[in-house]
Each structure stands twice: as C-alpha cells, then as structure tokens.
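Two complexes, one shared chain (chain A), two partners (chain B, chain C).
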Partner chain A sequence: MSWSFLLRRLLLAIPTLFGVAAIVFVLLRVVPGDPIAMLIGPGATERDIAELRRLYGLDESIALQFVYYLQDLAGGNFGTSISMRQDVMELVLGRLPVTIELCLVAMLVAVGLGGAMAVAGAYWRGRPGEAAVDGAAGFILAIPDFLWALLFILFVVVFALDGLPISGRIGHDVGFRGATGFLLIESLLRLRFDAFGSVLLHTVLPAFALALPLAAIIARVLKTSIAEAMTQDYILMARVKGFSRARIVCREALRNALVPTVTLTGVQFTFLVGGTVLVEKIFSYPGIGNMAIDAVINRDLPLIQGLVLTFAVLFIAINLLVDMSYALLNPRMRHG
Partner chain B sequence: MSAARIPPAGTPGGSILSVRNLHLAIAGRRRHTPILRDVSLDIAPGEVHGLVGESGAGKTMIGKVILGIQPSRARITGGSVLFDGADITHLSERERRRLMGRGLGLIPQDPMTSLNPAYRIGGQIADVLRLHLGMNRTAARARTLELLHDVHIREPERVLRQYPHELSGGMRQRVSIAIAFACRPKLIVADEPTTALDVTVQRQVLALIKQMQAQEGASILFVTHDLGVVAKICDRVTVLHGGRVLEAGDTRRIVEASQHEYTRALMAATPRHDRPGDLLQPVPETLTARLDEEALAYDAAYAAAGTHDG
Partner chain C sequence: MAEAAAVPGGSLPHGQGSALRRMLANRRVVLGGAVLLFFALAAVFAPLIAPHDPVEQDLLLQYAPPVWADRAEPGYLFGTDNLGRDILSRLIYGAQIALFVAVTAAAAAGLLGTALGLLAGYLGGWVDTVISRLVEIWMAFPAVLLSIVLVAVMGTGLHSVIIAIAAIDWTRFCRVVRAETMAQKQQDYVASAVTVGLGRMHILWREILPNVLPLLIVLFTLEMGIAVIVEAILSYVNLSLASDFPTWGTMIADGRKYVNQAPWLMILPILCVIALVLALNALGDGLKDVLDPVMRK
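Our next item is the complex of A and B:
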C-alpha cells in the first residue's frame, strides 16, 4: 500500500466517472418520457412548453447539451432539479448521509450474521449443523432484498409489532434535529440516547432487508474458504499444539479465510447499496435511493444524473477500500 | 551412539511409547485397504528411534496415529498404542488435547506450510506456552526468546515480530523445532524433518534436533526414508515395508550386520559419506514384489483369523 497506488486509483476514477456521466446523459435523452410534460399542467400551450424547454436547455442538440453539462460539472455545478427547483448537489448531499448510515448498519448486520453462520457451519462440518446453515443460507438467498422488505412489513402488520416502525427514519415525538445528516452517529456522540434508539429502531428493518442476501453470500463463501484453510498443514500443527476445535476454526483458519471473502463482500456490497433504491422507497426511508425513484418518476434529468454519479462515486470508493484492506489482512502483501 | 542411556530392549515397563500389534486400514466404499499390519515398536525415555521405509510404507501414518491426527477414514482395526502406560488410540478430544504440548510434540515435514501465515512467529511459540504451562504474556515472551536462542536463531528479538513468509526454510524449521520442544514433551514425532530442506541446511537442522533432544531429554520417533540420517542420529531403528515391520534393533547392528535382505538393499541404495565411491543400487523389483505378496498373504490370514474370532 503506497501513496502512488492511491493516487493512481484516484486518477483512474476520473475517466470512469466521465464514462458514467456520458452514458447516463445520452440514455436519459434517448428513452421516451419528457420532463416538461411531467412538470407542466394539462392546460399549457405549445409556447409555454417551448419556453420551459429553452429554460432548461433541452432545446439544444444532445451533443451540445452534454458539452454545457460537462462545463457545469467542471465548475462544481450539478444543475438544478426540475421537479424540486433546488440545487442538485444540495439535495443529494442532504440525503446522502442517510443512505450511508443505512448501508453501514446493513453491512454490519450482513458481516455479523454471515460470519457467524460461516463459522458455525465450518465448526459443525459434516454434521447436521452444517446442513442447517447451508439450508438457511439457500433459503435467505432465494428471496431478494425488496421482497424481504415487503415480508417484514407484512410480519409487523400481521403480528401487530407496534414497537417496530416501518416508515421514516426517526420518531416524530423525538425532538432531535442533527447538525449533520448522520443522525445515528451524531446522536450517539451527543449522548442523545433517545434519538439514537429511535433512529436505530427505524433502521432495523430496512437494514435487515438489505443485509440478508449479502449475509447468505458471505456465509457460503466464508464457510468454503474456512473449509479450504482447514485442510492446510498449519491446522494439523494447531491440532498437535492441543488447541480446541473452536479456537482452530475461529483463530487459525478464519484469519486466513478472510481475504477471498473480503473481495467478494466488497463486490456484493455495491449491490447492497444499489438495493437501497427499492428498499428505502418501501420503508419511506429518506435517503438517496428513495430520492432516485422519485427523480425517475418525475423525469427529473439533472437529479437523476447527479444521483447516478453519486452512486458511481460510492462504488469506486468501496472498491478502493476493499483493495486497501488486503494489506491489513494478509501480511504477505504488505511489502510489495 | 550413546548406547549407555538406553535401557535394554524388551522392558515394556521402561517404555515411554509402546505400539502393540497395531493394525490400521483406510475405509473405502466397498472394503478396507490395510495400511499398517501388526506393527509393534517400543521407545524408551530419552531414546531416538528411527522409523525407516520407502514412501507408502506407512511410517508417517504411525506418527499420525500417535499424535491422533490420522485421516478420518483411517480405522484402527487392531492393537494399541500405549503412551506412558495408557492406551491413547481411543481418547476423547478433550483428553487428547491435554496430552499434547507436555506429552507429545511434532516436528513437521514441511516448515513452509506448517506455520500459520497470518500470525507472527513470537505468537505461534508463545501460544503453546500459555495454553499448556499457563504462562502469562510476559513469561511466555521471555521463554519464547530463550527457545529461539536455543535453536540458534540470530536476532531473536526481531524474528519474534516477523511473519513466517519473512523467514527462510531452515529458519522456519528451527522455529518448528522450538515449538515442538517448547513445553518439554516426553515424546516428539519428527516426520521427515529434513526432507523439504536444502542439503546444506539438513545437517545443521539434524544436529540441532540431536542437541535439543540431549538437552531436554525427550524421546524422538524419527520418521525418515534415509538410512544415512538414521545412522547419524538414531539409537535404534525399525524398518518398515508395506505396513509391516521387517526388522528392528540397535542402529549399529542394523547398519553393520542387518539380518534382513530388504534392509541390506535399502542400505545399498543409500549414499554413504564414509564410502563416497560406492555405486548406488536401487532396491530390486523382485524383492519388493515378493514383500508385497507376503503382505497380501498376511492380509488374507488376518482377515480369516478375524472371521473365525467373530
């Protein structure tokens, strides 16, 4: 791990983002659907529509529009939302912390749950416990995140679990307005445990819906990886040393099994972030995923472009973090 | 060799390890494949006992059975392994773990794969000290340094903090030896401990094992295919072929006046430092074929005896 590596990766991100911006920009203007038609009332005249099109620069050729768009981007201007008439950057940055916190909680759940399942499955190798873990992972994986979200809501409604909120991010009765969007972290740092509890409770169901499929994948890959490590000579040595099976699985094998799992978890984590689009909508959770659905419904071109670029930046950042974590996990990669 | 230390053979009470008529087979789908056939050997306290044979003779399997790490499909179909007077072939996992460290140790064949790549050298020596001798962090660290010093590792303070991949093969084998002797076990199984090493390093490691053994007074079961190594380090030898003991006795007698044709053939196939001009003779195929036939005949007789008994 070196600064030149980091710099090279950051420079490589620029053409990637340019490509994303270009593809989204062209796609949005080629597919049917007119933002002005969504915006304007039914009684509008042809002249009103033409006027609005000119105002938003939609009357130019796509190539010219793209040049103007890039010029704005270079100046840090992401445009103005057509449907909300606010600066796109401001809108996205206001919602981004919500999604980041949700994804981090979901990640913790996925890693914790998946890790526990993998270790249990590896510990009970060849016994009924392993079959139970495999079965559970298969079942969880068969249901996608948005369906889990709907199932959770169904459960809460059917069993009248009033304590578990299924909508929003914080209780209305909790008078807490953070200075940042990171309500979970901020409330904890300010020792506002009532607010922390409320946000956490609102986050439980969407986080689990997002986390379950990833947890099942982690369970499968990590379990296979541990089983592979368990065939190595140093495990035989550990047995000769007189270590218990639990210690051998959790300490000797697990550590060596982590690297392939981290690679895969990093890739899968980007799917989890993508999953926020539907899951946030289902739970009325005020993050950028929820915002993306509204933006698409309203054909709000500048906002969609801004959101897609935001997701792209998130994905690039996740992949970079994954690559940097290798060196931490594998001592052999530290001097290279 | 220092013959004076060894009690006369045939005193079962004096043995630290006594393998009695051990039979072992690998369970297959249809039938068991015999691996060990009526193997017996005794090791006295402080004795270095060579176990010699070609690949596939079952010598490594004997070491694994003693350590309780034989493959799960291996079935002990007869006989016993007495360690310190008690049979250790059917121990529970917990009893087995208590036996390791202070009772039994292993010097592995391949030091490149036997140390955990994820942890520092110091931790991999200290963990056995803490587990079996109940040492705290500080005491374990001090003893680890002492052990690294004992196995002639230069700059032990630095090696303590290094990872296995930063050490050479010879260094890693020294670390393995330090781990094996760490809790002063009564018996160490050395499973071809020099086979994977450079020829120049082999002699040093061999000398180190001998020195540590003399210093700590442990017995060693030295598994090897190399009679030359046996002549250097072992007090007594057992010659194995096809899972059967062909011959056993004092090293000097076996090397100089072997009673068995196979041992003499093995000797002729081993390079000797005292006679560098000799041509090496491969073990004749007619001889190995005859021995294999004998083994099969033994299996048939053993199976028949088992059927009559049952």
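Our next item is the complex of A and C:
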C-alpha cells in the first residue's frame, strides 16, 4: 500500500465531511422551535434572550453562522452544549470510548459467531446442517438490532435471568472509576477482574443485539466464498494428498475466502456503529448513541452537530481501514 | 416494440396469467402475502373488530394479565396496559398506522429514488456525478440518527415520520435503479428506440421504466418492511404520534418501562412488528425469484 493511496483517500474524505457538516447545519437551522426558549426560565426578559442568542451566535445570518461554525471546526472547537453547558468536544470524547468498546466487543461476537456458522455450513455442504445454518442466518437477518435488544430484555425478565443486567455499564457496587473511558481494557490491565467481569456482563446483551445481524451477513458471504474456493485446483490437490475435510475447509479454503468477507464486514460494521444509537438507549448504556437521542430530544444544536460529525468521522475511518486491509490482504491491489 | 421491451431476457412474452400462477406457486410469496393480508384486514376493519376503544383508559383495570395467565380479566384477551387500555384493541389500531406509514413512506422513497436513479443512469455525465455524490454523502449519515434528527426538526407526527423515511431511504431505490438503467441502456431495444427517433424522456418513461418495474416492486415490498421498523423506532423514542395514540412502537416503549411488573405489555407488539416485517421480507424475496428473469433461469 502506497502513501499516495492513503493520502488520496484522506483528501476524498474532506468533501464528504464538509457535505455532512453543511447538511446537518442547514437542517438544524430550520428548526421551528427556539432552542433558547428551552434554555431559560419563564421569567426571562427580552434582553436576556437577546444576550443568550448573541452568546450562542444565533443572531447572525445563517450563512455567517456557517462560516463561523466551519472556522471553529477547523480549530477543533465544536461549540458548547446548550443543555449541559459543557464543551461539546469534551462531552463527546468522554462518551466515545464507551461506544468504541461496545462496538469492538460486538464486532468480535459477530466475527466469531458468523465465522463459525460459515465454516459449519461449508463443512456440512448439501446436508441438513447447511440448510439449518442458512435458515438461522435468514431469520437473524430479518430482525433488526433494535428488536433483538428488546427481545433479549424480555427474555431476561421472563426467565428471571438476574445475572444478566439490562441497563447501565457497570454495577453500582463495583467501586471502579477508570482514568480513561475504556473501562474494559483498563480494568483488565489493572488486574481488577471484578470490574472487568461487571462491565463485560453489562456489555453482553447490547453487544449481541448489535452483532447478530452482522454475524448473519458474515455467515452468508463467507460460506459462499468458501464454497467457491472449494472448487479450486489446490483444494483438489489437498484432497489427493489425503487431508481431512475439516482441515481442508478450515485451513485451505477459509484463508482464501477471507478477502471478500473483510470488505463486506467493514461496510456492514458502519451499520453496527449506527445501531448503537438505539441499542444504547434501550439498555441505558452511556455511550454517544444514547447521548445523541437525548441531544435530539433536548434540541441541543451544538451537541447534535458534534455527535453527527463524530459518527461521520467514525464511518469514514472504518471505510478507510477496510480499504487498507483489503490492499494488504490482496497483493494485486497494492499498486492500484 | 413495447411488447419486445417487456421481455429483456429475449424469451417468449409472458401473459399476466402465468406471472400470477408463478407467484401462487412460490411458497414465500403465498406465506408472506397471507400474513400481510391478515394485518391489512385487521387494519381496514379495525373499528368493527376491536373489542374496546384503543385510547379509553380504565384506571381500575391496570395491568390486567392476558387470558393465559391467572387472574385474567374476562373480555380483555391480551390484558391491559399501565393505564388500563385494552392491548388487543391497541394492537389492531396499531396495524392501521404501521401499514399506512409503510405504504406511503415506501411510495414516497420509491418515487424520489426512482426518478433520480433513472436520470443518473440514463443521462450519465455530470447529472450522474452529482446524484451519485449526493447518494454517497447521504449514506455517510447513520440512518437511525438522521431519521431522529429529521423528525426532531420537522416536529413529531405521522407526516414527519413518512417524510423522514422517504428522505433517507430514497438512496436504496436510487442506487439499484441507476445500475439497472445503465444495464438496460446497453440493450438493443434502447438502441432501436433511439434509431427510430424517440425522445429521451419518452424512451426513459415508456421503454426503460417498464423494464425496471419488476425490480421496483421487489424494492417497494422490502422498503415497506424497513418503514414498519423505522416507525416503531421513532414511536419508541417518542417522536412519532402523541403517546396516547396506539402505535406498536409506543406500546413497546411503555412495555419497556414496566417490563418488570408486566412483561406481556411488550411481547405482543414486538411479535406483531416481527411478524409483519418477516412477512414483507418473505414476500419481497419471493417476488424477486418470481419476477427477476435472470434468477428464474
């Protein structure tokens, strides 16, 4: 992979980000409700309101507001949250590690589960086992993460599985405050296994809800690629050598089937990240998705803008990583 | 020429009858269609079949359990919710809203996306560049977040929900229709239409669109499923209709609040959403098998 490839991709991200910023900005400026009116009590005078409008820059024309906004963005200033009266960047960065950890756990679950389903389906090709894998993948995929999350909650309540928490990120009785937001990684590094276990238990259900649709997609695509790889000459060679079927599927075919799956998994991973908005809300999980819904309900313009931009940056970064890994996996792409 | 155009694969023209017969022979189409019909009938005849008023509260009858549990209240098949409202009646009226949103939102998204996709695919050049770039930027947003922001901007209500779904999901139609139009453009029938001297809009509207139509029917059915989910999501976060109105999403949200006291509040609306979505997906996939000439062979 060349530096010019990376540079070109980074430059291409700029117009996309600009477009996202512009659309969100214009959308939010046609809000009929007045965010200032929600901010202050009923006893406020006209002058107080004008003062606050000036403070938040809402008294300028939309075009001028946009120019100021872009200037601020370029300087790393995302503005001040109206509902929480804190720096947006600080608020977002405080919550971002929570969502990143949740997404990574979900990704691991999706890859593990989807990979296992694909290998099982390929191993039992043409037998009832394959049909079962196909059926399961189809069923999982038809139900979105939002409904899986609610089904899990029902399941926990109806079967009284008290060990599995359905809200929050860490137990109240666990006295652990990380220096970073990455509680899972940090508790492990500090050998606080009680905290690690608590965070992991709280993460299981939201992570599975997010992971299931992706797992089903991985299962489908990977199974097809393995089936394609199985028709190649080197597989015949391996058979002639007398390798077992399990070894041929897992060692020879799987490795060559990975490239198309990685690309697709990356694209689908962005949907998983987008899914955190609702899944975090349902499980009261304190990440940026949960924060986004509250920001919308409170009409907190700067915070909404900051969060939407954060999501867009995450999406672009994921796509970039996918392209890079694709180039690494497939030698023919390296000099593209 | 119109007849020839109707069969891109080049085999014999199919009559209406044989298409219908093929559909009835497809298990997924029949099963999905039957479930869809069930909900549609419930929605249309809601005032006749609902045993109670869906918004009538009875605070003496809070949390009446469903009929399969002990202490069930006679006359309330699926029990009552936290305000003593009949769950069955709310589910029936909820089907009305779910299907209304599904049809109108999918139609709106389909119209917008198809129009832009046809133009981008057929005209190419800068029109294609602008539209494709727009689709790319649009898809950089998290869809759920964008829909929530849109509804927050427009104010709550069914029309906002419908506009939000259309404003987000037109890209699904646009991308597929654009690709299909580009493929159709290479076909001989388009070349001959150009030779005969037909106008560009005439070719697009009368020659290419009918050939894209089977694909559109499939996309429309699948989009209805998505719209049902999005409506449920938006009413779940309390951005759809006023909360006393019976939508499945609101019922799920109420159920989540009282899930420890009354888990049955949540079960039935979730099952309704899942059943309708599964039915629409099955119908869409089945129609794809039946209508897609390439898949059929």
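Quick note on the criterion: the second predicted complex is superposed on the first by the 311 of 336 C-alpha atoms of A that agree within 3 Å, B and C clash if a C-alpha of one lies under 4 Å from a C-alpha of the other, contacts with A are read in each partner's own complex, and residues count from 1 in each chain.
Definition applied: a residue touches a chain if its C-beta (ideal position, glycine included) is under 8 Å from a C-beta of that chain, and two chains touch if they have at least 3 such contacts.
Model, not experiment: these values are computed from the prediction.
In the overlay built on the shared chain, the residue A:19 is in contact with chain C alone; chain B does not reach it.
By the document's definition of touching, of the two partners only chain B reaches A:252; chain C does not. Residue by residue along chain A, chain B and chain C are tallied for touches, and C comes out ahead.
After overlaying the two complexes on the shared chain, residue contacts for A:260 are found with neither chain B nor chain C. Applying the stated contact rule after C-alpha superposition, one finds that A:197 touches neither chain B nor chain C.
In the superposed model, A:168 lies in contact with neither chain B nor chain C.
In the superposition on chain A, A:94 makes contact with neither chain B nor chain C. Only residues 67-69, 93, 96-101, 104-106, 108, 110, 113-119, 127-128, 131-132, 163, 165, 176, 179 of chain B touch chain A when the two sit together in their complex. Those residues of chain C lying in contact with chain A across their complex are 136-137, 140-146, 148-150, 152-153, 155, 229, 232-233, 236-239, 252, 256, 259-260, 263, 266-267, 270, 273-274, 277-278, 281. Within the complex formed with chain B, the chain A residues making contact are 232-234, 236-245, 252, 255-256, 330-332. Those residues of chain A whose C-beta lies close enough to touch chain C in the complex are 16, 19-20, 23-24, 27-28, 30-33, 142-144, 146-147, 150-151, 153-154, 157-158, 270, 273-275, 277-278, 281-282, 289, 292-293, 296-297, 299, 304, 307-308, 311-312, 315-316.
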